[in-house]
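Across the two complexes that follow, subunit A remains constant while its partner is subunit B and subsequently subunit C.
For the complex of A and B:
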């Protein structure tokens, strides 16, 4: 198991280097660079040019990337062109809000989707099933940021104590969490339903029913446990996606998360900040997925046996 | 596609049908699939009608401050925006951007995705490793952030938007194509083709792909829906289709400033996105059921 985890982490390294290369080069194509932003509006052309020379923007992109990688291997993600602050520290200062939103979102998603998915599977073809499947499909087809706007119209503009934006208190978390969570709930509900349907038609469920196990126990202990692997997979992927930055939800609710930081940095042509943040985001998302894979092993002894071989 | 079925023995009690006809026969019986097809044809039909019927300069982008911010009425069923432009007309006209960008980007990502995916799946080994690491790199950057970076790098125009969405969507198609080619690769008929000296390219094109196509087509259809959300998202952030051209996401973005008191501005463009994406999702689900009845739940 440990060897497997080690191998997965090693495999991450080329991906991270690839991401840094791709992002760094894409950013080099961007019109304008950070020099004009740093020098300010009153700067003369000569001043900007001098700054450009000083910051090494006139070197070839390969030299610049080489310099970046050199510093990366020394263990630092560098400093922002604009704020001069350490990239890692800046990222870490935005991360808690992103984690808060991601966890609250997935909690909303699971509270809605697991019961709904199970009910739909148990009463396949019933009204409950129909309504929940139609709702899930609508949720899947709805752009997340539009749902956010609708929630502002329907709830925040009517209920006084729920703010339309910001991240000051717990009340401010409600709408962003619902926005993130309902989109995920749609996907998880569908997966839960189909996974449960798969399991419910298995022989061991019939056996359990036949030998008189309580229906409630059949569902929770025998069926759900076996249906859990695909549910954990999508939950993990969804959680990973929000940890990568719920850019649009953050934009709608002025939520100060990592997504905003990256979008703003792209706008400012702050290459070290963008590259560094995307490296960290990729790491975070990949580690989330790795953790999910490890959780499988505990849920499903069949998979655990595969690792220990 | 015809070749596969027609080369098989053909029992007399079965009517001879191509793979395409077979899929359509199954698909036709699927209510939600047909509903999806109807929605998409309706959206495209109204979109084309609007683009022929409306005058872009006079009716779509022309300011008319006198009629600004009117609530939905008989004259303006969806109301008017802050510039006095009819929101219904703009929503209809905007169909062209979303549909065309989505279609082109999905075609590009399908071509790239199928090519890379089948090479990786068919040859395995080093080819597979290189292609899949590359896919991992693209796939690990959140697609919206990738789109923003590409637009920042190459400028904000429709062509760049298509490319940005296409590349962002490729990795999902590569993975699906690879997986389904790998399933087919070791079948006996592929081995037979190889034994008789058929060239690799011909084997992939004529024997492997047609039999691996169903999941790829389903994935591409679902991608079309995500591409439409992608376009709207980028435009909502001010990085997609530039104003004053109407685009659903851009309309939501400008309506957002007037959400207090004029919330209708943010309702209708979103509804248009949802209906269109719903249509593609229904078609995707329907295709999946039609192509593989085993999966039907």
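For the complex of A and C:
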């Protein structure tokens, strides 16, 4: 098992190098560079050009990339062109709030989708099934920022203890988590439903029912446990996505997360910040997926056997 | 005897109680904290590192002080850290006499050496050096006197010194703490906390050399989404909402607990045309476009009631402004000018836009210009992409806005001189280049005013820009908030803010 984990972590290295390469070159395609941003609004064309030369933006992109990788291996993701602050430190200062929102969001999603998915599966074809599926679809179709604003108007402006924005206290997490979670719920609901349907049609379920096991136990103890693998997969990928930042939700709720940091940095052409943040995000998402894969091993002994082969 | 004593005691008690009641009634209660909602995160709080970001400058007004101060209400320059100053007869040497007993937040007294240190740092800063570009020498004469020499006469220099980014900070603090030592200023508030992406806290400086601030704590809270920021004001989570979006104004004006402050702005929305390419290199073509534009319609669509038409390239609220005559809508004249220029059948042109407001303006312009035979393609670009196009001159036309944050020169050199940093129309006119230098060096104020009038009229006549609108500046506040110096250039001075609560 440990060997499996070790192998997975080693595989991360080429992935990260690939990501840094891709991001660096994509940033270079965007018109403009950070020189105009750094020099400020009142700088003359000459001053911007001089700064550009000084910061090496006139060198070929390969030279610039080489320089970046050189500095990366010496130990460090560098400093922001704009704020001159350490990239890693800046990312880490925004990370806790991002993780908080991602975890809260997935919790909301699971609270909605597991019951809804099971209900749909148990009452397949009925009105309950139809309504559940439509509800899930609604959650997916509603634009995040629109839902977020609606929630602020309907709830935050009426309920005093829920703030309209910011990340001050736990109450501030509620509306952003709902916004993120409802979007994720749709796919998890559908996966739960189809996985449950699959399992419910199995022989051992019929056996359990024939044995006289209580219906609730059939669902929770026998069916759901076996249906978990696809549900865990999809939950893991959704969680991974929000660990990279939920930009729209963060903007609407003034949530100080990584998403906003990355988007703002792209707008400022702050290549070290963007590259560094995306490398770190890739690491985080990869580790999340690895954790999900390890959880499989404990849910399904067959999979564990595969890993330890 | 006992009763007499008891009576005396009761009387004293009544007297003391009534005094307490009276003094309570006299004592005004103020809110301990004022929270200001702003729309952008602040990348750095080091004045010379900051790229003149508006939000950062508003923080600096609270935490730092400058040699001279531009009063937003009178548009006149006042003494600040410099009590008085003399300018040599040749206009090149400024001698500033500094206030004594000014304390920095680290307890050190401000001396001329700190002024020299701060200004020298600004001179080499990649973001701020343009403000002190003409400075050749800074000499400390004694602890409270400092001399600054310029390479040529430039009256707007005093305006440059009012900029929050050339604030004076403690040399000792920078030597001890590095770059972040620049945050140690002499203003009425101390920067005590910065949570990236969330807020900045300032605490009252008890040893402030001027009148101690009323409010104990000021918090700048970052809420990027316009609608959310206004809702935070409605919910009472912030006391001041910076620049509420026009579509949200009714939520403020309809709310009995809130007030909408409005004042004339200094930002001009205009159409930039690349004068280095055809057909915009032809003056008559530009003038024809200027005569076809319906400014009122543009304003109605893009700004509602929140802007005034721009007559010329210099907004009325900029210091030393005097009125000039611009073009008004006259389709016959426009068509005649086009014909004279040789474009009787019109032509096709692209207007680049980067925001919703600009897109709205461009769409009205599209309709206006159609009436004289010009086909307009409105093209949306990402903000920095369009900016680069206008800098490199690869654009045709673009809907732009330009804000003049300081003195009169700001309305001319940057946007219209051939080496100007905001020359979006790629103007290359030697007369303008000479005139801005002449007006910038004119020491007599009355002459200076007439020179700028001449410059303004010339540029407006030549239609290097088609000026369209000057939006008002707005601030949403909780009723009872006072002590703010609201500025037309939207860098409001919150250092004196307070709110009466009792």
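Brief remarks follow.
The working rule: the second predicted complex is superposed on the first by the 309 of 309 C-alpha atoms of A that agree within 3 Å, B and C clash if a C-alpha of one lies under 4 Å from a C-alpha of the other, contacts with A are read in each partner's own complex, and residues count from 1 in each chain.
One rule holds for everything that comes next: a residue touches a chain if its C-beta (ideal position, glycine included) is under 8 Å from a C-beta of that chain, and two chains touch if they have at least 3 such contacts.
Not measured: the values here are computed from a predicted model.
Using the contact criterion defined above for the overlaid structures, shared-chain residue A:157 touches subunit B and also reaches subunit C. When the two structures are aligned on the shared chain, A:251 is found in touch with subunit B and with subunit C. In the overlay built on the shared chain, the residue A:267 is in contact with subunit B and with subunit C.
After overlaying the two complexes on the shared chain, residue contacts for A:37 are found with subunit C alone; subunit B is out of touch. By the document's definition of touching, of the two partners only subunit C reaches A:46; subunit B does not.
Of the two partner chains placed around the shared chain by superposition, subunit B and subunit C are both touched by A:149.
In the three-chain superposition model, subunit A touches both subunit B and subunit C at residues 30-31, 145, 149, 152-153, 157, 251-252, 267, 269. Every residue of subunit A that touches subunit B in the complex is listed here, in rising order: 14-15, 18-19, 22-23, 26-31, 137-138, 140-143, 145-146, 149-150, 152-153, 157, 193-194, 197, 241, 244-245, 247-248, 251-252, 259, 262-263, 266-267, 269, 274, 278, 281-282, 285-286.
The touching residues of subunit B, when paired with subunit A in their complex, are 133-134, 136-138, 140-142, 144-145, 148-150, 152-155, 225, 229, 232-233, 236-237, 249, 252, 256, 259-260, 263, 266-267, 270, 273-275, 277-278, 281-282, 297. Per the touch definition, subunit A reaches subunit C in the complex via residues 30-32, 36-48, 51, 80, 82-85, 90, 93-94, 145, 149, 152-153, 156-157, 160, 163-167, 251-254, 256-257, 260-261, 264, 267-269. Remark: subunit C residues 41, 43-44, 49, 51-52, 126-131, 179, 195-199, 221-225, 227-229, 231-232, 234-235, 237, 382-385, 387-389, 391, 414, 419-422 touch subunit A in the complex.
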